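In what follows, a single structure is set out as structure tokens and then discussed.
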């Protein structure tokens, strides 16, 4: 007996391939050629740079549903003290890349190394112990915990430092101090974002992964976040930042990656990318220039 | 990228706003939504306390304000998702206080959610179809006769496909909405709201997390919608977008409307700069400027640390 | 047929029959013993008449208060006590029952009883003794006490359930069996091994904790890592409950059994309440455990981590919390508490293979009523459930006492859809 | 070992009365829970009020059979409204407990001595199925293939049952392919989103609750008629648990899953039970196992079987693995 | 059971004609006895003695050469309880295996849920434990019998006993099912008919979490005697009575067959003296130690013997009826059941009865449970009720027997 599935998809087991249709690119009336992997990606750059990297990922393949890869051989490396920006269209796999580095999405093939040590598929909490911090893009607070408890969880592995770090975070986001007893679930979008960022700053990580930290924040606070990121980086922390506020991100970062369809489309210094007309057209848009 | 000639509706909207005072609560010539004395408290916190606000029909109005200003809560009150402690509001002259959320939507006032609500185990296409109004097949008895709703369904699908194309979600058509990325969810949220074909669409930070290039093309779409007669009220923190698209800006802070006016005026209003924009002024910063600012901040911080020490 | 019966009886009675004086001799008769407050009353005349009013015979009570009137055949007879012959100071308890219609069956004597009471204390009519208000209030007090007694046991069970539910989202229908497991462990060490119940309970709590731990280690944890959905796990827990329940039946048998210690402990009177000493000790332990665990959940690092895991496991891991470790701790504590709850339930009831299953609905009711995922919700909700079960019997028949409690549950839910201590979610 | 008996009884169980009843109940649950996301844990009560509505009408008040059916249906719908109006605004898990409670209340009232003059206490009601069997088109005899055959009474009940199942499945198929079903599924995912799109969520939930209840209530009628007797304990919470198990076994939100799930469930129960008891009487098992405890072993194995089925196929027989991936926490 | 007028013998053919196929399956020369007794569910604790009773009977029958020259076949199934709903599947299996007689079920409710299926297939059903009065009038095509007496007689005897002990106020705590409420009604009728007063009748849910409220209600009414009518829950109720001060010293306890066990003072018994002076009634002759020992050869773990003798008798009677009818067809068995249980030469085990039958004599089987006489409705026409009293050691001893007709 075969069950007619009430859903719309006739073949539930069909494995969608991510190679076709063409890459997701911005609407372009000029009909610019979509970026194709072969044209831009040359692993030699990566291999050369990755040599002395603190954190590196090589030819990562990863995904959520069996048989569907979201990351298709993404490469990434960060040197110690670097600030890296990752940009790309929606659904490119930026968040997935961060999650994969952080052990939240299983690696199917490829490797991740930290300080020369293989950390592929290590559990997230052990990475925290090695000094990696992460701010997720969505669902980034504990709704039923108060702000204070949220931050306390951020300092879970170093409870002794809680007081000091709490002061530090409240310094950056004074709104949090006033509301310390409010449950995070009732916070506004922006306030949540502050909590999420604050939570990651509770430890003093040596590598910080930020997934769209400025989203939902007021312009004033967005500035603050970028400044903070840079300051933290100046203090010696390696930062990897995914941003849709791409221009701002590329302005401050040492190096930028453009991710498309789960693989690197471009990799260059932030300044180069920001001025690359192709990148502007496909990923940055011209709005902010207008 | 869009026609250089100012479109008619935009002109009309600008004309309507032309002579207005830049005062909070200023009356508009043809308001679609009129809000009076809406108050919402949570314990000791007054999240919303809006004395009077009017939204001009056929315009694109931006609602901005610092985080926690009460924008989302205000949306919740207006659309029936939360009950206001006090106040009243009319939409198209109709009282909407106490009207349940689905009736508000049916009346033509549709909102999106800041924290997206994708219907996870429905495909993207089904999500879209759900938005369409007056579907015959949504009636229990007619649902049993496919013939009675097939045609309509096809039309809806066609419309949905167009929107998906614009929102760069066409490739995701048959995937579960639960598998979308953060930005894609935002896009779906907005596209789905547009499927309703509302008179007034209220977008809560529609572009946060959406790729800038795509944002730009979508703004064009929103402008087109205004040409078709839709009124748009949106919350956004991206000032480039606000400047580009909005005809009028309302500023909220600590629950109250503190300023209203055209984008340029508002963005140079010192109160707004102080409460909201900060040093982030009109034009995007150049790298040098940024560096400068950074150094300033750093110096400040260092001196603070020294003070403490 | 009678012949056969007599023959049979004679055969069968054997020695027993010969030794014990037969209470029923052959032949129909009416008889009785007249007593006033335990003392025989003699010299009272009792007459028997047929249904048609024709006198059949009469008798006067002897010194031992006994009287007997043989009747000719089975049938209905009117038996009348002559009130005039009653000694001074003694009267019929029910004035309107001086004459009774009594059915006499074939081949048997029939006892008839005239209730006597000191004059002036008798009730007017034979209505069910309308209890005076003091004994009513005594009962209310007793029921209130019982409500707390039962409520605390439910709360203990509920706490274990809500710990696991709160942390992993698993609606564990096998939780009742964890209770049974604890009770049976204690039974084993108490009755079979012969340890004092206190030690048996301690051991059982330890084993319960270990059982909880290994359930997560070897079962639920594995499923979780394989990505089983919560619904699937809920149904798996139904299967597990079935499995465990019948394992218990297999080894323990279908009958209930008490612990060797403290069974049928005589009650002591405390004000209007009579309670066994074991109740107070049990309630003390229960309350202490509940408060300690509740506070631990609110105040300690692990407690907060548990709530964090409940909210968002991935984020908890990102914060450096060992999610599996926390869940395992919760399962261990949950299992230990469930065991303790089982021991307490066994102490106040009996140990049987269905005990946990039978209380499970109330446990769920308690957890929900208090508000899902709140530290003290289980406590508050369960006590409300316990109180209503007991106190509702003031109004409804006791067979329907659960109905009373469940109705209250529904009503509370209508006015506080998020539970008593729960909080509403924010929209948007 | 009498393999023939085991085989025949197992095959018969897969289409027998219990399978029919549980399948109908589970189709109802599937509509409510699988599609609309309503955790109605009171399905047993829907079957109960229907069965009792009919039985009491005929047996206690001596009214016509068809009136009994109407009253049973009406009672189901009234119960749905009574349950739904106050509770459909509750969060899913709260709804579950309220519906369990309501179902227990219904059962306890049926069972109570207080109302035994109407409902018959724990013995329930009998003597109401005469008119139903009077309509039996099958003449006395057995019907079926070889040993797998039923007498005319059972055949009649099963015919009605499977026709009702077919109708119910057809209904579900049509509905769930339609925009109506889409709204239902959307409600399961996020009510607020659906509200924001102008759908009257409450009304749809109520429709689902009533529809699920009515489909289930057909099972209640058949149960009562097939056994020619109703008892309160037939409609205990375990019944609902098993109905849920059946839905999940088949795979939630799939048209045929309740039917297949019910068949699997009863096949498992009967096969295991009969094999064990045959093995015991054939002396194939260690002496630890006796007639007294073999019943317990059977349920142990059934519990184990259910667990294994779901451990190795968490999405159910017809389920979609991708949906499960979305649920994972 | 049976229609009021028609004798079982005359109505059996009707059953036959309505289920010809089923009948061809039976009457195959081998007497097949199916059991439908609780292995699981809330009455599971009653299962072991019942299974042992049937097992012992079949062993004795087969040792004596079987029926119709062939050994009797036993097929065991689980009746569960109504909430597990497997009785019907068990019946399917029994019918499939050509059972001629089904012994069971223990619970009246379960029997009611399958009686149509069994009698509809033309098979005889004999319950060893059903006491509900429903069956007396049930339209069972003359195929339903029971060896346990309906509650009427026991209720009458217990009520009388309570009055004889001088208790003018009585509280009744009864289990909420057909057994409990039926017996409670009969006790109440007897007590009130003889001048006593039932001051409180509490019907309790056997699945209740606890019984304190039930006992509190009794306590409030302040009776002199408490009649405890139920099964295993009594073990939970007595401690509750003691706790609330209603000790055996203060009020008199009365037990019934469902809970008249030897509770003892051992590890899982009650403290010494808890039941001192309590009394109870039990239908059936006293189970002799000899019979208990025999049952234990079948099931060495047996502790209680409730309904064991009734199950044994049901099986023996079936076999005798088959021998008398010279057929194992259910309708023939049903037709002879009344005959072998009444009027004729007394005999009390299969072997001797069988011998009498083969000698062409009319027999009257009197069994381990007492003098069994089926009336036209398939109920026992009379029964012996034993009266028992507890000592300080919480075990009971017989003090008297009373035999009476159930009707009247």
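By written order: A, B, C, D and E. Residues from 1 in each chain.
Note that in this section a residue touches a chain if its C-beta (ideal position, glycine included) is under 8 Å from a C-beta of that chain, and two chains touch if they have at least 3 such contacts.
Given the structure is predicted, the values throughout are model-derived calculations rather than measurements.
**Student:** In this assembly, which chains make contact with chain B and also with chain C?
**Tutor:** The common neighbours are A, D.
**Student:** Of all the chains shown, whose C-alpha centre falls nearest the centre of every protein C-alpha atom combined?
**Tutor:** Looking at where each chain's C-alpha mean falls, the closest to the middle is D.
**Student:** Could you find the two chains linked by the most C-beta contact pairs?
**Tutor:** After counting contacts between each pair of chains, the winner is C-E.
**Student:** How big is the gap, in whole Å, between where the Cα atoms of chain C centre and where those of chain E centre?
**Tutor:** 26
**Student:** Could you please state the distance in Å, as a whole number, between where the Cα atoms of chain A are centred and where those of chain D are centred?
**Tutor:** Their C-alpha centroids are separated by 49 Å.
**Student:** Where the centres are mean C-alpha positions, what is the separation of chain B from chain E, in Å?
**Tutor:** 76
**Student:** Quick check: how many Å separate the C-alpha centres of chain A and chain C?
**Tutor:** Distance between chain centres, rounded to whole Å: 59 Å.
**Student:** Going by the touch rule set out above, which residues of chain A reach two or more other chains?
**Tutor:** Within chain A, the residues that touch at least two other chains are 7, 64-65, 186.
**Student:** Which residues does chain E have that touch at least 2 chains other than itself?
**Tutor:** Where chain E meets two or more other chains at a single residue, that happens at 38, 40, 44, 47, 176, 203, 205.
**Student:** Going through chain D residue by residue, note those that touch at least 2 other chains and give them in order.
**Tutor:** Correct list: 108, 111-113, 177, 181, 192, 293, 296, 298-299, 322, 325.
**Student:** Tell me, which parts of chain E touch chain D in their complex?
**Tutor:** These residues of chain E touch chain D: 17-22, 35, 38-40, 44, 47-48, 51, 55, 74-78, 80-86, 88-90, 92-93, 96-97, 108-109, 112-117, 120-121, 132, 134, 138-139, 176-178, 181, 203, 205, 299.
**Student:** Which bits of chain B are touching chain D when the two form their complex?
**Tutor:** Interface residues on chain B, with respect to chain D: 79, 81, 100-103, 105-106, 110-113, 117-122, 126-127, 129-131, 133, 135-140, 143-144, 146, 149, 153, 176, 178-179, 192-193, 195-196.
**Student:** Under the stated contact criterion, what part of chain C meets chain A in this complex?
**Tutor:** Chain C reaches chain A through residues 301, 304-305, 307-308, 310-312, 314-323, 373, 423, 425-426.
**Student:** Considering the complex alone, what residue numbers of chain A touch chain C?
**Tutor:** 102-104, 123-125, 128-129, 134, 136, 139-145, 149, 152-154, 156-157, 159, 183, 185-186, 199, 203
**Student:** Under the stated contact criterion, what part of chain B meets chain C in this complex?
**Tutor:** Within the complex, chain B contacts chain C at residues 72, 75-76, 81-82, 113-115, 204.
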